[in-house]
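Note that subunit A is present in both complexes that follow, paired respectively with subunit B and with subunit C.
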Partner chain A sequence: MSVRRKGPRATIVRIVTYLCLVSVAVIVVFPFVVAFATSTKNSQDIFNYPPTLIPKEPQTIDPTEVALPDVDADADEPLPLYAFPDSDTQFALVDNDVSVAEFRPLDDVDRIIRLDVTSGEKTGEVVIIDGAEEDIFAIEVDGTTVEAYRSRLTSGGQFVSLDDPTDVRVELVNVVEPLQQFGPRLENFEEVLIEKDFGRSLTNTVLVTIAVVSGQILTSILGGYAFARIKFKGSGPLFLLYLGSVMVPFVVLIIPLFQLMLQVGWLDNLSALIIPFMFSAYGTFLMRQFFISIPIEIEEAALLDNASRWKILWRIMVPLARPATATLATFGFLYAWNSFFWPLVIINSGNPDGRVLSLALSTLGGRSSTDLNLVFAGAMVAMAPPILVFLFAQRYFVENSASSGLK
Partner chain B sequence: MAADAADKADAGVDRPDAPDTALGRKLKLLSLWHLVGAAVSVMGILLARRSGDIELPWMPRYALQGFFSFAFVAHMASAYGVGARTRWARPLSLAVNYLLTLVAASATLHLFNAYQALGDFGEGLYKAFLPFVVICVGLLWVLLSGQMLAHRPTAVGPLRLRQAGWGLAGIASVWFVVKADPSGLISSIGETLTRPLALGAIALTFCAALATRLMWSRAAAKHFGSTRRVDEALSGLAFLSPNLLGFFIFFAFPLLFSLWVSFFDWDTTNTTRDFIGLENYIRALSLDFANSAQSNAGTEVLKSDYQVLANLDWFGQHWVVGARDVEFWLSLKNITVFLVLAVPLAVLPALVLSSVLASKLPGMKVFRTIYFVPSVAGVIGVSIVWGQMFDATIGWINYILDLLGISEAGQGRGWLTQPDTALLSMVIVFAWMSFGFNTVLYLAGHQAISKELYEAAEIDGANTWQIFRRITVPQLRNTTFYVVITTSILALQLFDIVWILARPIAGGPNFATQTPVLTLYQEAFTNNRQGYASALAWVLFVIIFSFTLFQFRRQRSEVSAGGVS
Partner chain C sequence: MAEVTFRSVSKQYEGGGPKAVHDLELDIKDGEFMVLVGPSGCGKSTALRMIAGLEEITEGELRIGDRLVNDVPPGDRDIAMVFQNYALYPHMTVRENIGFALEVAKVKKAEIKARTEEAAEMLGLTEYLDRLPKALSGGQRQRVAMGRAIVRSPQVFLMDEPLSNLDAKLRVQMRSEIIQIQKRLGTTMIYVTHDQIEAMTMGHRVAVMRLGVLQQVAHPQELYQRPANLFVAAFIGSPAMNLINVTLDGTAERPTANFAGHTLAIGGGAIERYPQIVDRIGSSVVLGLRPEHFSMEGDFDLPEDQILEFEIELAEAMGAEAHLHIMLDVPVVELDGQPLSAEDGDEILTSTTKIIARIDGVHYVTSGDSLRLGVKTHLAHFFDPDTGLPLS
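And now, the complex of A and B:
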């Protein structure tokens, strides 16, 4: 609008405009970023709050690398690292199943001090806590001796400081903050493709999409050419019927089509996802519009040479109609790849071999799903191809969407 | 293809009245073929009626009866017509033989289990996905080098490239076959080949195809005195036929069938099928209003069979509204609310953004591309992503609200689990998905606005807002109308988003996200009331169609008024 304007005010307007556009773009892109980030997280990381966009994994250390006291840790396993709030050094969890005693100082019974079960000496005295007799222990805390009673015995972890091997602490593992580092888990994709049967769903979707798209292109080219160039009785009313059919929502056809598939025995079969969708009134319309726009003289010359309609169509018209075919192919691809309602109705026996991606995704990502990382890996597998196709073929999308709005 | 070959073979014949003995003999055979066909059709009718030892489902049974009856009449007429050399014999015989070819071919495929084998093919593709990808790469290679050749037809490089592409695809195809292991398929084909029924089906397909080819030939056309007009019509119908058959079998027939089913009490497995007239529609649409003094009045003030839909206070009076199908009415209410919220949210941003994108500032195409992505990404994936965004404990929406200080940490809202926000959340997802597409539609509308209007306005010193308000919006009136209608039609069919996002069950919480299509799905496939669900489908169809009709009439009046739309 105000392209030609100059001056500081126009510059500010432009900056504000770009800021608005960018913020909308952020709103659009952000969920995809979240999806991608989540798809590379591990199964603990997905439940962390606040949510982050960076996949993290526990930081570990090889037990042979650092001088550690000889503890009964399995020397082959990497040791996870933790941080204590009162210390700058990192601690390795050398044993996550040691007996821990919880002491409560008598002068401050709400405070909990966790020590190794062997520490502390009985003073011989007792104290009454909540009506029960408890022995009093003398324990050492930060260099001073404190009187406390033992409130509970539990199991926790034994931590050793990396800088000072004598600094050995005992604490409940879930109380200490685990150290984390950047660690994408790309095995999610492998797991979802193989263990969750997404690979099979993916190939089914590929098969269905290829069959539907090629079928639609073939029938639409033939039908579109007939409507565009061949005069025959009833072609006008038939074409109107085709146009009208675009207005009928698919929900009206669901039940009778389901009955039809039931009767011919195609329930739970990929045929039911392919064969009814190889015919497209929309595609026929699209091809007809394109063929009509091709000058008739091109064809007349060939007709005079006694070429058959069939030859003319494939030798002359179809090569010219490449843009329209590409548009049809991209739209057909999107439709077939993303369709969900019809597969949901038809592939209903829970047999994973007949599933397409959208169906597998909705089953895996159901309401009670806990493998969010796997679900999102599956979602990426399902969403990436249409997005990529769109990015490469967007010329055909955008032009056609535009022309449908103008008619 | 067949026609081409026949053309060449018969090119020498140019004396239509001279009896061509070869053709004459062939035509006699054809007459005989039709007579045999008629006889077989009679047997077919009898077999289909008796339904023999194989109990066919009712639909193929009726279809076969109808088909054979029709085939009998058509065969008899063709046999007479071919013998008497009447003008209409050729189109009729062609139609009969062509349809017979298709039916016989489909039956052959069925006997060879081809339709079920598609599923097995999916399995093979899974096993051999890598070779498949390599084939695709090879073909892409061929395509690209073809493009290069089109620019420089004499270049050697692209030619070599194309050969390499073909070679790659060929090697990968062999690899594919080895990996996919078609031995099961081959053995099953071999097994089927020994069955007489399968052999008969193949023979029938072959004979019918031969007969079609004979009648299609130019010699036959001359023999029957075919005019150019009829030839054109025949080739037109031949081109249209695959499409037309699909249209009738998978669109027109189901459409009428669904209307028919809606007058029946009909369950999924076809064990119940009672004609009940308009009862389904009456049940779906019945409402009852009862005036009650008590504010807590319920079902007792309504007619029997009605359940409370809403309690209303109008002008100091208490009304109880009841409906026989409460779920359906609730879904109508929900979809109305959804429509009112979602359509403006999906259209207004598109209007504003398109006005910015239509300016020739740098980078606009990038934004256009970005905005379009949600509408192609696939609704299931997108809904799953948003399900996590809206999550009460670990969701991003709550976290961002928390960061902005709008809500307290850990006190986040369960967007999808609370009835008052569940539908709103889905409105947001819907608008997010569709505004980019609408933006592109608007951009097309912008191209139709004449640049002089803007130039004139700028000369007059109008500011940006004035230009937008006084020129852009009025000039985009028709586009807005189109966009609003198409978005509404999409919104009325809301299903997938609800299916994924609604918690704890589809339509929940507490029917807050029950939509008409969901009700239809549940009635048809959970409650097995296909007749009733068909009635719901038609009610929905009428609602949606009224939107379409509205648009159609408006477009027409625009055109007749000379407006450019």
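And now, the complex of A and C:
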């Protein structure tokens, strides 16, 4: 039954409710948006302040479209564009390594005028500034000649106006505002997958996950069916014992399990990530509960049809247990995909070929944490498959949390 | 096709308690339609499941045909069973459901198809062959369950209350369909029900069970007319037989039954069938009167001492007939300390006995009337109140 109030009060209540819900949703989603945005930014963009959610790249222009002054700019490279505060037109940075002279007019020594190092002529007079003797230059500013002294020589960029090729300016590159445009850098992913060897980690993770999930499904179906339907001595206590193992926290098992892996010779080996996790007490419990809920008559009918136990299991019970199997598969997948601590213990840090995604991601974050865009690109690679799985299997999640095995 | 024979078969479930089936002796003939009937917990389903091999037999011998099947697994008994909830395989289409047994038996695909379609044709399921069970109505599911049984041509059909999940109208329809299918195939059929109307209308013979013990096996008509004990008398018939605690009085030639201030003469036919009546004069017995043994005064020519005046508690006009409920100030008849007429969980007043008289529908009777009713006591039944056995 759906109850829906009407009236102005109810509308307000509904609006407030929605606002609350939307804000919570935004808070939840925001980190993912940031991660995704960052993963597509270039290495300069990630340090832009204030940070933006939209990845940006410098706006450029092809050098052939600009009337170049007589400079030795590399004619093949696209030229970045800048904006000067006193002009509406865009300027192309044609040379970012020119010598720049900083002049300070004598009548206003706090003002800095930056000009090409060749401009200005010595008048022959000198001025004493803070106890030092400086030559006086006559420089041209906005059409008038001004007397100034040269306070500093530095290097900067030469900018040419796109509208007026005669308007050539010299300025420090970092004081003019670079023009930016929307520009995601998808090469981040390529770089992470190939250069940072995430491809290998991804393959390992997929391999481990598939093996763990299929192993869990197989053993849980067999165990669950046996506990649900086959009568044998001690099945009750055995099941309780098995189920009780769910209560043992994993940290307690790490050292004995490590010892075991050492004995078997699986240290630093993917087998250690697969074999111990192919058996799941939780999965067996889940399948058992589901099998119990299937009416016994269906199985009896199959028995009367002369079907063997094996045939009944695979032809009747397993197809009927599809929802439980899917639930088990999704949980097993998430567990295997996200597992970090055990791989960290068992795989040597010096063995990149044995790494799984979670390990690779932590290494990436630790070793080159200035490449935040790459770290986030790696995180996106690691996150995408679980999100896809969730999208396809979400109803099994919901079903499971609503009615775990109670059908 | 085969006969099914129970020889002293008992079933004791693990964990003690009374035996679910006690020393069952039953011969079911080849091609017979045998109905096992009884209230819930009477052991009828257990008996059926023992034939199917779904319950182990604790003691005794069970034979299908000449073969002792006590330890034969269900699949090897060559029987088919229809379950109360149909037990269709939910993920298989009707075609796959019907053909599954053949598939297991590794019958060739073409033959599976032919036999499946033949069975579907017989049951009017042809157009539903490719549907899943959930897309079928209750009646259609029931037919699929039948189809699954028929397609195997088994030696014995077992049916465990197959109609109890259907509505009344469909139940009547399926009842006659099952009878026709059994007649057509000629296969031995063992049918379990708690509904005595189904039992009466369907079975060649009916086996009535109570508390794991077989009470009587007979043709339905014989069950009705010659119940072997109080339980069968009370169980078979609808409305049920009126059972009244009476004291016998009168003479050996013309004994009377005295109850609640009434004195009712017993007709000659009854004395012939129940000769012990004469010896019991002066003692308490149970008088059994079918509702149709009552009539309006004047409808039949009955002597004056077989006509009694009753106050009608409730009159139910059914059209062709009317049911008159009469309360008698007599303690109800009990069997093993339980009121016989009580259904499971019913609370009934044990100090008064309700009887129902069925009279011709032409009479207009209203509740509260006082009526003179004739009683055909020559057709009445008499039982020993302690043993429940007839006084024959």
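Quick note on the criterion: the second predicted complex is superposed on the first by the 388 of 407 C-alpha atoms of A that agree within 3 Å, B and C clash if a C-alpha of one lies under 4 Å from a C-alpha of the other, contacts with A are read in each partner's own complex, and residues count from 1 in each chain.
Basically, a residue touches a chain if its C-beta (ideal position, glycine included) is under 8 Å from a C-beta of that chain, and two chains touch if they have at least 3 such contacts.
Keep in mind the model is a prediction, meaning the values are calculated, not measured.
> Who does A:128 touch here: subunit B (first), subunit C (second), both, or neither?
The answer is neither, since A:128 touches no partner chain.
> In the overlay, answer first, second, both or neither for which of subunit B and subunit C A:311 touches.
both
> In the superposed arrangement, does A:345 touch subunit B (first), subunit C (second), both or neither?
In the superposition, A:345 contacts subunit B only.
> Which partner does A:204 reach: the first (subunit B), the second (subunit C), both, or neither?
Only subunit B; A:204 stays clear of subunit C.
> With the two complexes superposed on chain A, say which partner A:365 touches: subunit B (first), subunit C (second), both, or neither.
first
> Taking the superposition as given, does A:300 touch the first partner, subunit B, the second, subunit C, both, or neither?
The second partner, subunit C, only.
> Of the two partners subunit B and subunit C, which one touches more residues belonging to subunit A?
The larger set of subunit A residues in touch belongs to B.
> Does the superposition put A:252 against subunit B (first), subunit C (second), both, or neither?
The answer is first: A:252 touches subunit B but not subunit C.
> Please report the subunit A residues shared by its interface with subunit B and its interface with subunit C.
The overlap between the subunit B and subunit C interfaces on subunit A comprises residues 311.
> In the complex, go through subunit A and note every residue touching subunit C.
Subunit A reaches subunit C through residues 295, 297-298, 300-307, 311, 315-316, 319-320, 322.
> Name, in rising order, each residue of subunit C that touches subunit A in their complex.
52-54, 73-77, 79-81, 83-85, 87-91, 100-101, 104-105, 148, 152
> Which subunit A residues qualify as touching subunit B in the complex?
1-4, 13-14, 17-18, 20-21, 24-25, 27-32, 34-35, 38, 46-51, 199-200, 202-204, 206-207, 218-220, 222-223, 225-227, 230-233, 235, 238, 241-242, 245, 247-260, 262-266, 269-271, 274-279, 281, 284, 308-311, 313, 334, 337-338, 340-341, 344-345, 348, 353-354, 358, 361-362, 365, 367, 372, 375-376, 379-380, 382-383, 386-387, 389-391, 394, 397-398, 401-406
> Can you check the complex and tell me which residues of subunit B touch subunit A?
The contact residues of subunit B facing subunit A are 1, 3-4, 7, 57-60, 115-116, 118-119, 121-123, 125-126, 129, 132, 232-237, 239-240, 242-244, 246-247, 249-255, 257-258, 261, 268, 270, 349, 353, 355-361, 363, 367-374, 376-382, 384-389, 393-396, 399, 402, 432, 436-437, 440-445, 447-448, 454, 458, 464, 467-468, 472, 479, 482-483, 489, 492-493, 495-496, 499-500, 503-505, 517, 520-521, 524-525, 530, 533-534, 537-538, 540-541, 544-545, 548, 565.
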